[in-house]
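After this come two complexes, each holding chain A, first together with chain B and then together with chain C.
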Partner chain A sequence: MSVFLQPLQTVTVGSGGAVAAIFSNIPQNYTDLYVEYSARTTNTDTGSSIQVVAYQNNVGYPDSTASFTELNGTGTGSASINLTGQYLRVGYCDTANNTSNTFSNGSFYIPNYAGSNYKSVVADAVFEQNGTAAVQSLIAGLWRTTSGINNLNIQTGRTFAQYSTFALYGVLRQGI
Partner chain B sequence: MATDSSVPQIVEVDCSTGITTTRDMTPDEIAAQVKMQADQAATMAAQQAAADAKAAAQASAAAKLTKLGLTADEIAALQS
Partner chain C sequence: MSMFPIATKTLNSATSSIVFNNIPQTFTHLQIRAFGRGDVSFSSGLSFYVQLNGDATAANYNLHALFGEGSSAYSSSSLSTGTLSLQQVFADLGATTGIFGVGICDLLDYTNTNKYKTARFIGGHDNNGSGRASFGSGCWFSTAAINQVTISTDGNLVAGTTVQLYGITTA
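Our next item is the complex of A and B:
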């Protein structure tokens, strides 16, 4: 049971935008990691939404260690997707095609991130634009690496808009 | 750190120091992003094509079921 959630660092994108938010030199003395984000992009070429992906330990695209399965619900339908060997998707966010100033949000949890087993990731995200279109995603992911996670790189392939925010937390289990 | 406004930026925070740095993407990072965008477009196109094909098949099935005498509610129940 987790009894302690320690805020580690927060990244807020400035006026110029940013293609990635990176947490480096993540301390290895917690039990799990937890990331919360609120994001929007500046692009218009991908429709109303764009995926948010995460890379570990400076492994860029394509990430052969990554795989995920996701379930999306739109309120009127559902769909499942799985992908291996490219990236680990952790959700979707708004693009510049959407209602102004709307940001999507999501979170992902990495249990036993510092251990030597493969790293599972569970993500829960909502794409919302104060309109008719909205999607909730539940994602089960895996990084097939035995190294501890000391670097997280979050990106969309486009540019995060100003005020997109990413917060990293360390989780301690009871008894530590 | 000085940045070139024409080059995409990355925001990085060093968790050991708390120092946040905004830097230019490296050429390797830019190349990876370009490849990711291309692959992403292909993936999305494939997903859209699959969704369109499913919707077309459902519409075709509904039309055939209508000719067999099923009501709209009965067809919706079958397709849900």
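Our next item is the complex of A and C:
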């Protein structure tokens, strides 16, 4: 197998909730990074879902280096949007208004995260509920930074609920 | 290495379903990779069905999906589906001989008994100029740990269909 997926760090949210999942001191010796998350928030002020965003290298909102283009389906329609200079969206997750025990399922991939080129990101994520509306999002993102990524901060602006999980992997690509 | 092959099944003849039993409970996530084709005709392609723990209760499942068919994108949802699924993934009887569709299904935290199980699907097929790209989700409204998955499509899965089950760890 030419792709090596190495678990690096895991965040599991405890009973008190967490405002962010943070991966720090990310080793710089892999080729790519891959993140998988299963998340839900405790808030009720944003409807049934809330966006999940990622920041790099301790840059917070607004992140002038970030931009993304998204294609999404909502169960009844489809749309595409883009946004620049604020944050990099990596999906959506359920809120406390949503069906109990239901968590989102998402991932994003950052190739060449340690290199000196700008950092491209691709994300695919879904949030579910027992109803017609749910969002499936495919996102192409960019961080216009030439620094290696050694810190990732994943948040919603609200609080992640207990049992939310985030896993960071390092990927090694090898020649044939 | 954190991604482990649990089982692979390749069909030598048409079969209604592929079942993986006694799934180890020692991984964090599951991934199903399918290369499939069915034996009934439906021009937009056939569904990639994933049923869990033998539960066929309609109200326990739903699906949502986003599709592209070459000229436009559209979205759909279905409730009480009796199975997880992503539609329009596998090639149908009318597709050119030798063409199969591809689908991937990720099931995170499959042993966590505090969560309903949300599936994330991606897949599609191309029939040399026509086809579908599909991305979707589904939820199994059960907190039970997943110990069995059953893969099927509309009609039978044909010979050559291959399904692989992987376990992914986080440590």
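The rule we apply is simple: the second predicted complex is superposed on the first by the 171 of 176 C-alpha atoms of A that agree within 3 Å, B and C clash if a C-alpha of one lies under 4 Å from a C-alpha of the other, contacts with A are read in each partner's own complex, and residues count from 1 in each chain.
We take it that a contact is a pair of C-beta atoms (placed from the backbone, for glycine too) under 8 Å apart; a residue touches a chain by one contact, two chains touch by 3 or more.
This structure is a prediction, so every number in the text was calculated from the model and none was measured.
K.L.:
Consider chain A as the common anchor and indicate whether chain B and chain C clash or fit when overlaid.
P.N.:
fit
K.L.:
After the superposition on A, what does A:102 contact: first (chain B), second (chain C), both or neither?
P.N.:
In the superposed model, A:102 contacts chain C only, not chain B.
K.L.:
Write the angle, vertex at the C-alpha centre of chain A, between the C-alpha centres of chain B and chain C, to the nearest 10 degrees.
P.N.:
Roughly 100 degrees separate the directions to chain B and chain C.
K.L.:
Looking at chain A, which partner touches more of its residues: chain C or chain B?
P.N.:
C
K.L.:
Touch check for A:172: first (chain B), second (chain C), both, or neither?
P.N.:
So A:172 meets neither chain B nor chain C here.
K.L.:
Can A:73 be said to touch chain B (first), chain C (second), both, or neither?
P.N.:
After superposing on A, A:73 lies in contact with chain C but is clear of chain B.
K.L.:
I'd like to know which partner A:51 touches here: chain B for first, chain C for second, both or neither.
P.N.:
In the superposition, A:51 touches chain B alone.
K.L.:
Scan A:24 for contacts with chain B and chain C and give back first, second, both or neither.
P.N.:
The first partner, chain B, only.
K.L.:
Please work out whether A:83 is in contact with chain B alone, chain C alone, both, or neither, and reply first, second, both or neither.
P.N.:
The answer is first: A:83 touches chain B but not chain C.
K.L.:
Quick check for you: in the superposed arrangement, does A:134 touch first (chain B), second (chain C), both or neither?
P.N.:
second
K.L.:
Please give the nearest C-alpha separation between chain B and chain C in the three-chain superposition, to the whole Å.
P.N.:
Shortest inter-chain C-alpha distance (chain B to chain C): 8 Å.
K.L.:
Please identify the positions on chain A that touch both chain B and chain C, taking each partner from its own complex.
P.N.:
After superposing on chain A, chain A residues 10 contact both chain B and chain C.
K.L.:
Over in the complex, which chain A residues touch chain B? Could you list them?
P.N.:
These residues of chain A touch chain B: 8-11, 13-14, 16-27, 46, 51, 60-62, 79, 81, 83, 86-87, 155, 157-159, 168.
K.L.:
Can you check the complex and tell me which residues of chain A touch chain C?
P.N.:
For chain A paired with chain C, touching residues are 1, 4-7, 10, 36-38, 71-78, 99, 101-107, 124-136, 138, 162-163, 165, 167, 169.
K.L.:
Mind pulling up the chain C residues that touch chain A in the complex?
P.N.:
1-3, 28-29, 62, 64-67, 73-77, 79, 106-109, 112, 114-116, 118-120, 122, 135-139, 141, 143, 168-171
K.L.:
Hey, which residues of chain B end up touching chain A in the complex?
P.N.:
The contact residues of chain B facing chain A are 5, 8-18, 20, 22, 25, 28-29, 32-33, 35-37, 39-40, 43-44, 47, 51.
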